[in-house]
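Listed next: structures, encoded as structure tokens.
Next come two complexes built around chain A: one with chain B, the other with chain C.
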Partner chain A sequence: MMPERICVCVKPVPADRGSRPPSLSPTDEHAIRAALLLREDAGFEVVVMAMAPPAAEGALRRSMALGADRAVLVSDDALGGSDLLVTSRVLARLVARESPALVLFGTASPDSGGAMLWSSVAARLGWPLLSSADTVTLRNGTAVIVRADGRARHIAQFRLPGVVALSGRSTSRPEIADIVRSKRQEVERVALSDLRLSPGEVGRAGSGTSSRRIEGGRAGDTVILAGPDAADRLFGILVQRGALVG
Partner chain B sequence: MSTPGNVGFPHLLSPFSIRNATMKNRLVFQPHFTALGGTDGLPTDDLKAYYIERAVGGAGLLVDGGMAVMAEGMMSRRFIRAYDERILPKYKEITDGVHANGAKIFSQLTHGGHTSLESPPPTMWAPTQMPEPSSQHSTRAMDKTDIRRTIEAFAASARNVMSAGFDGIEVKIAHDGLLRSFVSPFFNRRTDEYGGSFENRMRLSLEVIEAIRIAIGGEFPIGVRLCLDEYTDFGYGLDYGLRVAERLEATGMVDYFNSDAGSFSSFWMEIPPAAVEQGFFRPLNQELKKVSDLPVVAFGRIKQPHAAERMLELGEADLIGMARQLIADPFTMQKIMDGRLDEIRACIGCNDGCIARVVQEKGIRCVHNPGAGQEITLSERLFMPTVRSKNVVIVGGGPAGMKVAEVAAKRGHKVTLLERDSVLGGQVRLAARQPLHEEFAEVTAYLEAAISKADVDVFLNVNATADQLLTMEPDVLVIATGSEPNLPRSNASADVLSDTAVSRASGLLAEIPVPGLDLPHVFSTDEVLSGFELPGTRVLVIDASGHWEGVGTAEHLADRGFEVEVITTRSIPGFGLEATNLAMFLQRAKAKRIKLSPFTDVIGVDAQGAEVVDVLTGDNRRLDVDFVVPVYPRRSRNDLYLELEQLLDSRSDVQLVRVGDSSSPRLIEGMMVEAQKIGMEL
Partner chain C sequence: MPRTDSSVFLSNGEHLLADVPLVYVELNGGKPTRGSLGVLSKVREIYGFAAALLCTPEWRDHTELLCAAGATEMYYCDEVWPDDEPESLQIDALVALLTEYDFSTVLFGDSRLTCELAGAVSAIFESGVNWRLEDIVLRDGELRGTRRSGVIGERMECTWTTVRKVAVMRSVNLPLRRFEGGATAIRIKAASHARPRPQFMGPVSEPAASARELASADIVVAGGRGMRDQSTLRLLEELAQVVDGAVGVSMPIVDRGWYPYANQVGSASEAVSPRLYIACGISGSVQHLAGMRDSQLIVAVNTDEVAPIMGLCDVGVVGDLHEIVPRLIELIGSSRAGPSTDVRPRQ
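Up next, the complex of A and B:
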């Protein structure tokens, strides 16, 4: 009998400018698209899930407009500051509630790029994992992935259930019908207690590691200025970009 | 009071006193001509609403500009007659309204002197008979009676306005008007006691200030708006400007300086457009602070709260002057206090809504604040919560669609915005790619932040048909699908032209009657600015639209290394640009070797270039170029609207509206007003 459900774990992050709310990244959208293709073949239910602040709800709604059947958000103030191990524990519990045949991740979120979360989730679930997959197909209770590195194609498989981390980015084109449907749906909210977790087990309190600081920052534009008024012009540019703070 | 939102601005938010006037913070709404006065020289309800809006918005001090001390000093019919008692009732309402909202208001008094906005001007007064070099009209050399009357007029006007409840007087010795022309060695060639020496050139200003001080008494502040540098080859520079400041300070009768620069002959420095970097005038403020112990108001394209705070912290100024920033967003200070910096609508330095209009004696506006100068009908304080929340579906995420979305969502409608592209912004994104126009993107940055805060559901990469849109069961369908270059073919994709296929076939759009526009080496401005690979090295730009779409694209091409020639049938390419922008474009075009060919029409485009004609002589010439960029007025993308109109013909349950360029292609200001009105009426 064919499996019935695919979970896609996403990490909504703020877009690059200003205070705009978190949105789906192209890697997340790519994973959602892969899940939808599998659904076309065999009629799975596609569930998008995230651990994120409440503001991420819009991004999850959008995942339904892209065609996902359901969206689940675990959000709690106590989750702030969660490290990789805590995050993977929360996501593993969230996944386990759905008993999916397959869990998909995009390979990197655009903000931190740790690129390890899926392996930790797979380990907690005790499920097999294949990462850096270019494609994934399902056949007779088996997931088959293809990974191409430019020189060779590597084909690998595991028996379901399991976890696949997909490389690649895509931008989806929502259909009006899906937008209409998504507006009738609610994002399901899951509380920590629903996952049998206490506030002390998560967030800063439950994390063994913490972020000290971020140095450098995003790569910016290069501006080369010369001449006697270079300093003034540089000031103008810094002011213009909002870089002069206190 | 300090909240987490405002801890970053301790200097900007601290109070400041000048004589008996105590301002609650350091933000000054700079004096400027609004043209909101009546042609009878009296203040209007529009002017009252304009100032009260800025007081409500949190500025500490407003300085009311454009007030003339005598009939012979009216720089425009719409200047306020500061000398006329008939102004008092309305001004009492204005000063009461400003005070009720915690702000102070000073009156800036001036005499238009050798400068006028009227054409032809009335008789203009000057120290020496000569036209201001930017004008062809000469002046009347003032006699002793004129001088005596002028001094009396300043005093009488000061007494008059103070009786209306103003908190102080600012004397204009600035970029226009009579007093600077007396101070300036170039304009003042007199050999009597009002000219010939520095002290004599200062005499009129000093006598005016003394007369005002006697008229209003010792407790009220008197400041001077002072031009520190005339920025002309013939005029005075900073050293002289500082000497003037020192002499004024030595009288003991001046309480503050509001710094300033430029003249009618360098008007791009009076009201510097976006091509002048922010912070450009800082050195002037710094030098003034070095020589003077008086409080200084900093000026000149200051719009960023952090920059303003930093300038105060460094001691470069005591107060921060903003004019255009508060025209664009009257509530800038309130947003700073609330920690809502991301909600500030920034001035983009375009000068199209404010300066371009007031120099034509038309009421002041702002291209992306439709409420500016129209507070009575369009202030954002009038966004009334809706009684019935409607399902509003907007097609098109350019500025018009986003503006309707912002206003409708803020009023409580459920708004869904569909955009075909992968990003919002429409043509503004392309415009911002032109040289020195990065700040234009702040129009859409504001709107993006606003619609996301207002919970507009935005879907990108959506191509919706008319039938599909109706499945969304909208109460209101807003079509904001924009416009496209009016060319017979597209290098981008055949799809683009299908947006207008029905409109063109139905005779709703006219084609440009120039042969050869369908050739493959013809590129549209949209294609050029989108980064299309372009052939060869030489390009012809045909400027039939007169604004930045033509000459800004030409400059973009020059910056990309092309040899550019711009032709126009009119007297200058960029003929529709606001004057400061045009003046600075012409300076850059010269430096960048962009060839500008006025009075030139195109006969036809061919494989080697184009055949053009001098419209004055009728002589033809060939232009051999590698590609051609024709810039004609754009055409609306209207097919979706037409289809919906047909589908909804017999239905009254769906309101169908078109807005922005899809209604009529135009500059951003007009469509922003249209979009805001639609949003307010839904």
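Up next, the complex of A and C:
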């Protein structure tokens, strides 16, 4: 049985200086490109999906300019304050709705919780997961990945459906014609009720954690060195603070 | 709660009511990671007891080490499934343990694998997960964690609202303590294929000798747009070499094709938290700062004294990196050459 759909889960991130609307990260673009390559091989439908504020629509439109067939956005005021538990709950429902053969994630920074997210989504779906994949290919209902594991590289595989997190990043400039075409395409909006989720299951109410700001940090204690002996004084500070001792 | 074996070493009987936190012990090259042991010590310190989970047929080799680090109960899974991708066995073992026993707190050190395990546990047991925790405390019997917020100079206190709590700690800098006494070892059986396991197909090439891994480096020397040209990178490599650190670069440097992506620091790539971060010619974009602000000591070398990174760093050096870095290499090189070497101030 040949699969017919690949979902790519993306997380639109604020652009560099924060003023522009969220955009696709290079790691997400890499995952989209990988999905498009798989489509060339076997003709899947590529669906890009995100849980994000409405401002992320532009990022999803860009994914269609890059070649994705469809883009789906879950956006709801009730989602504000959602933690990882909620995000994985929503994304797993969103993915399940499309019954894809394969779900792709781009590798975000270790800090952003990306590894927790794709693992949570795979666990909720009950699907196998392979991460740190350099490449992914599909063959006879099996996903085969080459993974850089520390310093070694090895091959691993699973029977579809499953989840793959790709390492690597890429950016590409869509053709003007594709940008124009994408303007006519609709980003599909999915409501919480479409996912059979109540407001109590999402946002702060549905989250498993909470946090509040407290004091402390390093603001205001910066030492500034200048002048011809700056390097020598820097060396002195590094020695004094034991920073160079292994 | 069938934890009767524990009475061997907990004689007052309170353990039957006590909530023993579980620490997952990650192995690297067959040995427990320093981070896992640090978390174990932390848990033992604040709770007075700690359970450890270890998945390897060679678990016996590590009992002494784990007890010394703080383990008072040791759960092990000695199964080997040669055809299965090794990491999926770890998840199955954790799920089996958490299904059978009543651990309400599960803690991890930080790595890609532990984040994936924490994510799976969080989803399967509908448990809240806090990560990047730098410290944990018990206040009024309730576990609380602290981490840095996105805003410089601010911290967040993190709590859980679910019965079961999952925590991933920034474990690199956690102190390792030494405890006396033993632990009871309890064998567990991994839930057989709780979900389909990927198959492991073997290596495709010999391990390649590679540069020191950025994420695990104690010291990172990073370069950005302020570098005159590509040859400046050799200067940074030289500094990294004398301090036994790794080279990092900001995104523009990778985009120019000057250095591999594997060495990029930033929120879109590798985030690092070394003991010492030396930023050379990096003004400090939001993305870059997000990828290194958790470093213990941050030094910035920049000609622009109002560059954003100057507001975040501990020591800011206003000057040209092409002059500062060679002098620093000279000073450190001389001091490393031997204690008798005289390092003369310049001029």
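One rule holds for everything that comes next: the second predicted complex is superposed on the first by the 200 of 246 C-alpha atoms of A that agree within 3 Å, B and C clash if a C-alpha of one lies under 4 Å from a C-alpha of the other, contacts with A are read in each partner's own complex, and residues count from 1 in each chain.
Operating definition for what follows: a contact is a pair of C-beta atoms (placed from the backbone, for glycine too) under 8 Å apart; a residue touches a chain by one contact, two chains touch by 3 or more.
Remember, predicted model here, so these are calculated numbers, not experimental data.
With both structures placed on the common chain, the touch criterion links A:Asp232 to chain B and to chain C. Touching more residues of chain A than its counterpart among chain B and chain C is C. Looking at the shared chain after the overlay, A:Arg159 reaches chain C, while chain B stays out of its contact range. Within the superposed three-chain model, A:Ala78 lies out of touch with both chain B and chain C [touch as defined at top]. Residues 17-18, 232, 235, 237, 239, 244, 246 of chain A contact both chain B in one complex and chain C in the other. Chain A makes touch with chain B in their complex at residues 17-21, 58, 61-62, 65, 171-174, 176-177, 179-180, 183, 232-233, 235-237, 239-240, 242, 244-246. Every residue of chain A that touches chain C in the complex is listed here, in rising order: 13-14, 16-18, 25-27, 83-85, 88-89, 92, 108-113, 115-124, 126-132, 144, 146, 150-159, 162, 168-169, 207-226, 228-232, 234-235, 237-239, 241, 243-244, 246.
Note for the complex: chain C touches chain A at residues 85, 88, 91, 110-112, 115-120, 122-124, 126-132, 146, 148-149, 152-162, 168, 195-210, 213, 215, 218-219, 243-244, 261, 266-271, 275-276, 285-287, 290-291, 294, 297, 299, 305, 310-319, 323-325, 327-328, 331-332, 335, 345-347. Listing the residues of chain B that touch chain A in their complex gives 8, 277-280, 282-283, 304, 306-307, 309-310, 313, 342, 416, 418, 422, 438-439, 445, 448-449, 452-453, 455, 457, 459-465, 468-469, 471-473.
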